[in-house]
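First chain A sits with chain B, and in the next complex the same chain sits with chain C.
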Partner chain A sequence: MKTEMNLEINLELNETKTYKKPLRKAIYPYLFIAPFSLLVLVFFILPAIATVGMAFTDLNASMKPHFVGLTNFKRIFSDYNLPQILGNTAVFAVLSLGISLLFALVISIATQYFLKGKMLAVVYRILWLIPSIIPSVVYVTFWKFIFDPTEGGLINKFLLNMGIISDPVSWFTKGAMAIVILATIISTISGGMILLSSAINSIPEDLYKAARVDGASEKSVIMKIILPTLKWPLMYITISDLIGFVSSYFFIMLLTQGGPMRDTTTLSLYAFQQAFNLKYYGYGAAVSLIVVFISFVLTMLLIRMFDFNQMIKPSRIED
Partner chain B sequence: MTTSTLKKALAHTYMTLLTLPIIAMIVWYFLAATMNFTTGEFSLDNFSFFTEPVEYSGIKLPLIWPIVLNTIVYSLMIVAIEVGISVPTAYAFSRLDFKGKGAALKFLFLMRSFPGITLIIATFFILVKMGLVNTYLGVMLVATTGSLPGLVYIMKGFFDEVPWDIEWAAMVDGTTRFGAFKKVLVPYVLSGIGAISVFAFLGAYGEWFLFKLLIFNDDMLTLAGYLAKLVTKENQIVNYGLITAIGLFYTLPVVVFYIFTQKMFMKVNMGGAKQS
Partner chain C sequence: MITLRNIVKNYDGKKESSRAVDGLDLVINKGEFVALLGPSGCGKTTTLMMLAGLLKPTSGEIYFGDRLVNHVEPKDRNIGMVFQSYALYPHLTVRDNIAFPLRERKMPKAQAYERAKEMSKIVQIDHLLDRKPSQLSGGQQQRVAMARALAKDPEILLLDEPMSNLDARLKLDVRDEIRKLQRELGVTTIIVTHDQEEALAISDRVAILNGGKIQQYAPPEELFSQPVNLFVASFLGNPPMNLIDGVVQEDKGVQAIVTSGFEFRIPEARKLEAKHIGKPVKLGIRPHDLMLTDGSDPNAIAMKVDLVEHLGSGKLVKVMDAEQKMQSTIRFVTDNEAPVRHGDTIQMKIREDKFHIFDMTEDGHNLMQFR
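Moving on, here comes the complex of A and B:
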């Protein structure tokens, strides 16, 4: 009986005391996000919609789009370049990811576990950061020099002096993809290294001591203590790097521009070339739609795993 | 005891071997810029780009100083715009309640991970329609939209850390919500603002792609775009001395800047921790 009364009173209170925010206060938060929202609307949402729209048109250098239905998509599936380009994309993404992850793991375990607290460990990590700090336009000149096809290139000069070859080898025609992957790996390692190092650093020292007291070998310390700690950082690096490798083509563009022939053209670069070199904007948009789709699926996966409803915290000031 | 010394020695050996290529790379940049490779003598000929316009395999590029000025002006403007937009946005996402906040935040997460570069074809078309191709405004708008989600996300982390007591105290003392934002919260997150300024600056300083795509006048380029033009002119580089000399001139300030500001990076949550 008493609780019922209470409930009724509560209900009444709620009805009479419903507080309506004055308009000025309701609008207030939107003023803060307005510039950002406007930019996102015009340069992210609108392009996203336009990409889908353009994929159904024959937009070209004349800049006058006509609706052509599914023609672009039919063309994609009959495009004789496509198998090679998909293969390139897969090779580039998988090899770059696997090797850079492995190296990031080795470097972080070496510097944060075996050489923990050593001055040199910090030096190693700073040196490994350098390839990612150096602006990419400068970074690629080093690789161009190493694999330069004339006698001036580092490897050619070395091999010529050793007498192993008699004529300079044109490395970029032989193994352009390998060079692109190598350059990409060296500059990607540092990103993973930072995350993995800080994760290893957060393992309490006592855990290692306890393991040693129990007679654990280094191998089991790494397998049973360090690697399980790294599970989520590794997952994060894997997906976000994969997104990067599938969608971006900056190094490839600077190093080989997709050549020789189409040996280093990945799907995203192919879309770019179709649009900006050949001015087939419509067809380029259709190709890039595949990249958008792959990136979108990976992004959703990342968000599902890492982002975090609990980060949305309500305001603790009522107004 | 001896086994652990052995292990350490082994780890040092491996790390040194692994790091050698990077040391070689750094040494090469300095050597290539300051040495005449045919005679093997030290020379500063490559640095003549300070006083005369660069001519490189058939293309003539303008004198470097206006380009340097462009770079500084562009980078500082990007810093001002991106900080000016991301600080209030992060504040609203962290501390205010509004309808659609949850959805907006989710969208922010999505944008942070989603590569905006895949939409560049449509973005280009929109810029053409708006008449913003070959203008700094166009480059800035696209660049800003690309880097804002990351900066807002970082900045939100800093605002989340501010204790509510501070804001309550300010409001009890009679200031408005906006007054509290301006006088209490912003000074409190200055280190965060410093960090995102550094990020914004480094991003703008390294931007070559948008300049290559959207800017057609050579005298409007920044250093990154200028170098990108030289590097991609031919399939192989003809004059390493010149390019490494300009590259050093362009890179050294950034590396020094990075060393002095890297403390700020340590405070930033780069992601990767499972939070839920």
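Moving on, here comes the complex of A and C:
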């Protein structure tokens, strides 16, 4: 009886006043977010702001920043290293992206369409995953061993034993960029491969059956059924890999330190070297802002190229 | 003409446990509309897939005319197929979907599009040719699938549950249209369905499958009036057939089935062979073949009304025998005007030419001889 009365009173209250969430309930979502937003603030937002700020100062090893306006940016565009570095960046990013996309695509179609459900396909894809789970330092050491310029290097040893060459070849002076790209793509392929494989796997079996009944060639199945399905995963991989390649310096630094000379120095490695090897923090920050700007422009271009608006637009028309 | 001869299909090679189709024989005449009907897992879709060439039979032969097609690829069988999911190519327009099988046969683009337009007119979707499948309603998608299947002018049309994704009212329309289209084009059509109403309504003959075997293959009315065994009898019909356990007895030349609730005299014209006397049987009566009568009728059975359900077009009445000795209740259908209420005691009788008696073997053969 008492509860009934309480209910009635509550109902009346609800009718007259708008319902207000108790404070405790209102505070819960923020309580859960708070620790992580603190981490984001300290490790992402503040450094980003600091970088932007630094880019307009002459901060260096003396750690006494002075505001210098756009001087750093002017210096970048008059930097005689810039054309070569931009060229290196473009070659590295475009080749790495193109080759790793192609490989990821070929491997996924081969294992998820032609060898669908076969044990061999699974084993093959697991093999490709290995490079991406090995710690980078170990991975790079492995490549250094393979292309070691002395007689002890794997390739040199092999070629010497076969009698193809008589003296060990210094691979890193001859094809540093090729080695850097090779090491990069082999560890990147697996990411795209996983995404593309699962996208192909989501194609209903009935479509393949219908295609068989309709007498479709393998080419038609790939061009008209599989590839269109991969449009959005391909967009995602292209954008994320491209940003990754434009802003990555880790492998290059470990493999070649940007050398020989500046042959493998990309823009982001250059920013790192300026900031942390030469302690020109202000200048390094300015260069890294350029990297961010390039990534941003490329992303926008790609989104437009892939017609991203079409994906978020509702597709079904009811009538 | 399509002939299936002793078809066996094991999904896992030689393993008996993976058997989906178990010695199936079927003959389909040219221009005929045949339904494969059965509960899920009865092997009906597997049979269709073998007809399409998407699956190969483990043993047995499939003939199209007198050509053995066991190892012929689907594309070389000249078949059109509609899938349950419609399987429209999601990234092609309706026009390209319909033209797809033609383009794959190297038909010039203009000609293929012309044919696509023609087909789309037949199934009344010619105003949707530039849309993508995702911009169509379920019924429209179904029509596109039909048009695509028919575009290459197939000899055989295979339909795999083509209407199971449509709502009840649309189903009726589409059903009629498919039937009309099939008559006009004269294409041999095989439909797989679990919906008995659909199968009975649309086809010339229905093959009822269970456990990978054909139970009965006959025109719809024959299936209904002369089921060969207990499975066919109980599978067909809604509400389902009443099945009452009893024993055949003979007294002074009059045969009767004695159940725990009542005694039913078998009319002279439908007497059983002497060897069945004294054996337990199941008496099968469809709910429509029981009717109300009054106490003066010598065949009247007194029953107590347990439940009355309104079906709209009539009433479904559940009755028990007065002493409640019977294990099962009996359902029958009356018209809306019949004065039947819960708790009443009523008199009912069985239509003398419309009952079935099944023996107690595993298959439950129908003992009534149809002459």
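Points worth noting:
Rule of thumb we're sticking to: the second predicted complex is superposed on the first by the 267 of 319 C-alpha atoms of A that agree within 3 Å, B and C clash if a C-alpha of one lies under 4 Å from a C-alpha of the other, contacts with A are read in each partner's own complex, and residues count from 1 in each chain.
As a convention for this text, a residue touches a chain if its C-beta (ideal position, glycine included) is under 8 Å from a C-beta of that chain, and two chains touch if they have at least 3 such contacts.
The shown structure was predicted, so the numbers you read here are calculated from the model rather than taken from an experiment.
Number of chain A residues touched is higher for B, counting chain B against chain C. By the document's definition of touching, of the two partners only chain C reaches A:Asp214; chain B does not.
Residue contacts after overlaying the shared chain place A:Lys224 against chain C, while chain B stays out of touching range.
Of the two partner chains placed by superposition, only chain B is touched by A:Thr141; chain C is not.
In the overlay built on the shared chain, the residue A:Phe158 is in contact with neither chain B nor chain C. By the document's definition of touching, neither partner reaches A:Phe67: not chain B, not chain C.
With both structures placed on the common chain, the touch criterion links A:Gly284 to chain B but leaves chain C unconnected. Once both structures are placed on chain A, chain A residues 315-317, 319 are touched by chain B and, in the other complex, by chain C. Those residues of chain A that touch chain B in the complex are listed here as 26, 28-30, 32-33, 35-37, 39-40, 42-44, 46-48, 50-51, 53-54, 59, 63, 103, 106-107, 110-111, 114-115, 118, 120-121, 124, 127-128, 130-131, 133-138, 140-142, 144-145, 148-150, 152, 172, 186, 194-195, 199, 218, 232-233, 236-237, 240, 243-244, 247-248, 250, 253-254, 256-257, 259, 268, 271-272, 275-276, 281, 284-285, 288, 291-292, 295-296, 299-300, 302-303, 305-317, 319. Residue ranges of chain B in contact with chain A, taken from their complex: 7-8, 11-12, 14-15, 18-19, 21-23, 25-26, 28-29, 32, 37, 84-86, 88-89, 91-98, 101-102, 104-107, 109-111, 113-126, 128, 141-142, 144-145, 148, 152, 160, 164, 167-168, 171, 177-178, 205-206, 208-209, 213, 224, 227-228, 231-232, 235-237, 240, 243-244, 247, 250-251, 254-255, 258, 270-276. The part of chain C that touches chain A in the complex is made up of residues 52-54, 73-76, 79-81, 83-85, 87, 89-92, 100-101, 104-105, 131-132, 134-137, 148, 152. Contact residues on chain A toward chain C in their complex (touch as defined above): 204, 206-207, 209-217, 220, 224-225, 228-229, 315-319.
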